[in-house]
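Two complexes follow with chain A in common, the first pairing it with chain B and the second with chain C.
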Partner chain A sequence: MKHMLQQVFHSPKFVVGFIIFMSILLLSVIYPIFVTGDPLVIIGKGTFFEPGIYVNVVDGIDSQLYSLSLPDVAEKRIALKLGATERADMKEWLVAFGIPEADIDTEDTEALLNIWNQNYDSKLRLPGMTNARKNYFARLDASIDNLLSTEGIIIASKDPSTGALTEEETIGQSQYINVNRTSNVKVLPLGTDNFGRDMVPELISAIGTSLKIGFIAGSIATLLGLVLGLVAGYVGGWVDDIILFVTNLFIVIPSFVLLILISYSIGQEQRGAVTVAVVIGFTSWVWTCRAVRSQVISLRNRDHVNLSKLSGHSTAHIIISDILPYVASYVVMAFILQISSGILSEAGLSILGLGPKTSDVATLGLMMNWAMIYSAHIMGKWWAYFPVIIAIALITFSMNLMNTGLDLVFNPTLRD
Partner chain B sequence: MNDANKSCLKGVGLTKIFGLGKQRCLAVDHVDFDFKEGEIISIVGESGSGKTTLAKMLLGLISITEGDIYFEGVKRDISSQRKKKEYWKNIQAIFQDPYSSYNIFRKIDTVLLDCLVMRGQKDLPAEEKNRLITEACSFVNLKYEELTNKYPFELSGGQMQRLMIARVFLLKPRVLLADEPTSMIDACSRATILDMLMDLRRETGMTIVFITHDIGLAYYVSDSVYIMEHGKLIESGSADEVILNPKQAYTQRLINDVPKIHEEWDLSTVDAR
Partner chain C sequence: MKGYFKYFRNKFFWFVVTLIFAFLLNFLLPRLMPGDPVAAITAKIAQGSTSIETVKEVYKEYEQLFGTDKPISQQFVLYVRNVFNGDFGTSFTQYPRKVSSIIGSSLGWTLALQLPAILVGWIIGNVLGALAAYVKKGWDKVVMPVAIFVNNLPAFGLAVIMLVIFAVQLKWFPTSGGYGFDLIPSFTPNFIKSVLVHYQLPFWTLVLIAIGGQAIGMRSMSIYELNADYVKYARFMGVPDGKIIGYVFRNAMLPQVTGLALALGTMVGGSLVAETIFSYPGLGSTILSAVMGSDYPLISAATLIVTMMVLAFNFLIEIIYGLIDPRIKAAQSD
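For the complex of A and B:
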């Protein structure tokens, strides 16, 4: 047994898979210890804030100002507001309203802005232009207002009684604040989701929940399949017939359809993460059962089983000590696969809206579901679904890798 | 020495059919026999002639399609687990392949300790258990100290098969079914194992049913010989009777197939051709 464990860790595939899997598992266990608090707390008022460092504006104005003379300040400012797409859009608007195409040079910022400021009128409406498009141009116009100005911004205070403005200070074009000296800075490495939750703790808690669902579903499926397979294979006769009949029923009806029907009939309110895991477990034991059964059938006529019978051992003893160890390696591999397929099943169910009830816990499938409902994939909000896909892929990939590694150890004919 | 006429194991019209319908296969076909107590009986036949199936039926490891087995004159009853256990106290076996006869996940001494449990000596003091097992091991020229805490794959095939005999020695059944016990063993260990079986018979007076495809071996060890072909018993009688005066052509062929190392090889006929 010890020998086998050593061999397992000499298989490079297994080791790589094991390291990836353990780091994901440890991340989901250790992160909540250091970052306490509800991972699902809503912090953003709005949907899909981009990844980045968020600085409180009042704090920024209040904190000490530093003057730095750096080159390219204006160019960078222009580049952020006026990218290639914006320039092309402006050109499209101008051409549509009768400016000769030859007169427009999108490379020359100053000339482009001049033409734009002379011709743009937010009231004009091109036939066939949607309202959203019209608003987009209005926003674009507002954002490039004063883009080329070299003046600073004046901070003024309002007199409560008269409403008159008094100038407090002027912030110049080349003034900076130190983020470290600002009291309220929030780093959102993966932005926020559609509800305005920080994606990072949410994703990590979702990984934890999904792994839990996978473990519960995998354990139930493996245990059920193992016990039924052992009994059907060893006892045989009518017991085998009944178990085989049930197994075939489950095979004929695709288990995912069964899963959808059961999940639907349980109802939205009763579906917690554990319930979903149990349902997945009870619909995916079939192949384990069949595989174990056929292995046991070939084992039960071996001489060592006959010898055990002749030594007066009971059926239970023979199954546990003479059959089980021989199928154990297979069962371990099946267990790993069941965990990863449990995670995938949960994701599939949740995307269809039949996963654990929303806003209670986050799972990888639910995060995909939320991102999909709020059209993150259409609007290009990649941070709402891409990290989730990566997490699912890494978990299943690492488990399959471990499985292949184990296969090489347990099945010497596959070794090179 | 023994009452030569007392029946030990008797079969009447034993039949075994595997499978159903078109795929049915008649493995053993209405076999009748009467094994006398204390004899060494050989069942000889080619591969696939139904010897091992017959042995498994006698052991009660597979069901009997038709026919009855009488043990010491009483019809065998193995309808329950308890009765089976009782029956297996009287009949034991040694299998063909020592390498697959052991559970590779269990230590070897558990096999011998199981025998003591089977004999109802579970509660003996440890020294007494040790003494019994050591005695059984020394009977087959093994040292018990060297076996403790070892797994089956750490032993040679000959050692494993000898351990099997030690197990039988501990259990002291009335009948021993030895299913080709020497076919996987090298020639030197083969003689040792055969001698041990003979010793076992001498010491305990048990009936030994020796199943083999080697008629020379059968002649060497047995008192009476049964020849099987295609599931049927075609010839039986005392060893001398069957082998020196075979009545069936099949028996004659089996005898001719035995390599004769002591005879001079007649090479002149080859040259002449």
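For the complex of A and C:
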């Protein structure tokens, strides 16, 4: 046993897969210990906030101001507000308004803004322009207002009785705040999802749940397949006939269809993460059973098994101590693959809307489902779906690597 | 010839048995679950309706349709008769459309998409895998990591990535649907062109998905065959390399054919999910909308059609396999 483990851990493929998998597993176990609180709490009022550092505006105004003279402040500000598309849109409006196209230079910011400010009228509705488009230009105009001004912004407070505004402070163009000295700063490395939930804790808890589903489904499938395979292969006779018949049936009937039917029949209310895992487990034992059965049949008439029979050992004893060790390596490999295919099955089911009940858990499939329902992929909200795909791919990739590594150790003929 | 006949008879027997069993499962599974399915359906369809009379009528209608007032054996007979008459009831979500007409219009899309995609992917995957095993240097280093990467991405993940790159970013292809939303299905050049444009992205995505698994399988099969004794012997005898390669790949090919038959169910399942990402008007999207709308008759019919499709193609592959593998004839004739 010790020797075998040594050999396994000398296989580079297995070790790489093992390290990736253990890191993911540890992350999903350790992270919730340090970051307590509900991972699914809704913090954002709105959908798909971009990844970034969010600073509370009131705290920002209140905190100490630092004056920094940096060279390219104006350029950066313009670059954010006036991208290539905005410039092209402004040109479109101006051309529609009647300015000759040759007069508009979208590269020269100052000239463009000048010609825009001289001509733009938010009340004007140009022929052929939809209302939404008109509103868009009004918003664009407001956002580029004062873009080139060098004056500061005045902070005023309102007198509660008279309603008069008194100037409190003027914030200059070159003033900065230190994010570390501001009391309310929220870092959202992966933004928020469609419900306004922080993606990072949600993703980690989803990985945890998906791994759990994979483990449960994999254990059930492997155990069921192993027991049935051992019984069918060793006992033989009519027991074998029945089990073989059932395996032959389920090997061609697509398990995905069974999953859809069963999950739908259970109903949305009863479908927790564990139920889904159990259902996946009960529909995916066939391959293991078939492989174990054929291995057991080839082992059944070996000398050591016959010797054990002659010594009067019970069937259970023979199966456990004389046959099981020979199929153990295969079973471990099958278990690893079952886990990863269980995770994939859950994801596929969830995308079709047949995953675990949506309100109380997050799984990788459910996150994907929500991102697709809210068309995150078409709107370019990559943070809502890409990390999920990467997480699934990393889990399956690490499991496949471990499996290949084990295969190379246990089947020397495969080594090149 | 007698050997072939025996093989076909055996395969056909299994095809019929699995088909019957699939019918049974499709019939039994929803009925085994606790609760009265008709009551659940009635509750859903009569939502918002205050009149008790209407609710009662709806209940009666579905009780009759599914025959839940009769004993279970009679129900099964009724169910099979309905299926053979192509009568799957009326859809809830697209009332008063018949389920059979919805399935009929989406089945063609799925068949036209998945059948060529799986076939093309299987062929390309096998060629690439064989090349990787034979050429080894360089080629093996490029093809294999790519194939392994693609194989580890779930089908829907690959679909999303392809969609974002080629439809959203590069705008080469439309993002969703099977044809332009402003067109009505007809045999006009405009419509056919639109269908072809919409077809490309889902098609090549499914091809890519199929390539990954097949290339890996073919590579290891070919490596195994290349190291076999008969290859060494042929080399000693001075048989030209080209001829040996021909034998090797023919032998490596055979398990790939059975592999395709066995993987068909999984492939179709993955492809159905990928279809929904592209909002392709096939069975995948039909199942999705049926699940969303709790459209029980539609789900039941769609899953049955998918099963029958997989079983039929499985049977077809096994027949072809019987024709191309000479060992089948030898094994059956003694």
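Annotations
The rule is short, and it goes like this: the second predicted complex is superposed on the first by the 398 of 416 C-alpha atoms of A that agree within 3 Å, B and C clash if a C-alpha of one lies under 4 Å from a C-alpha of the other, contacts with A are read in each partner's own complex, and residues count from 1 in each chain.
Everything that follows uses one rule, which is that a contact is a pair of C-beta atoms (placed from the backbone, for glycine too) under 8 Å apart; a residue touches a chain by one contact, two chains touch by 3 or more.
All values reported here derive from a predicted model rather than from experimental measurement.
The superposed arrangement places chain B and chain C next to each other on chain A without a clash.
In the superposition on chain A, A:322 makes contact with chain B only, not with chain C.
In the superposed model, A:308 makes contact with chain B only, not with chain C.
Contacts of A:29 after superposition: neither chain B nor chain C is touched. Legend: residue contacts after superposition of the two complexes on their common chain; A:43 is shown touching neither chain B nor chain C.
Comparing chain B with chain C, more residues of chain A are touched by C.
In the overlay built on the shared chain, the residue A:95 is in contact with neither chain B nor chain C. Of the two partner chains placed around the shared chain by superposition, neither chain B nor chain C is touched by A:187. Put simply, the three-chain overlay gives an angle of 60° at chain A, taking C-alpha centres for chain B and chain C and rounding to the nearest 10.
Within the superposed three-chain model, A:154 lies out of touch with both chain B and chain C [touch as defined at top].
Put simply, the nearest alpha carbons of chain B and chain C end up 5 Å apart when the two models share chain A.
On chain A, the surface touched by chain B in one complex and the surface touched by chain C in the other have no residue in common. Across the complex, chain A is touched by residues 56, 59, 61, 81, 84-85, 88-89, 92-93, 95-97, 100-106, 111, 114-115, 117-118 of chain B. On the side of chain A, the complex with chain C involves touching residues 248-249, 251-258, 260-262, 264-267, 344, 347-348, 351-354, 368, 372, 377-378, 380, 382, 385, 389, 392-393, 396-397, 400, 413-414, 416.
Across the complex, chain A is touched by residues 14, 17-18, 21-22, 25-26, 29-30, 32-33, 35, 40, 148-149, 151-157, 160-161, 163-164, 168, 175-176, 220, 223-224, 262, 264-266, 268-270, 272-273, 276-277, 284, 287-288, 291-292, 296, 299-300, 303, 306-307, 310-311, 314 of chain C. Contact residues on chain A toward chain B in their complex (touch as defined above): 302-304, 306-315, 321-322, 325-326.
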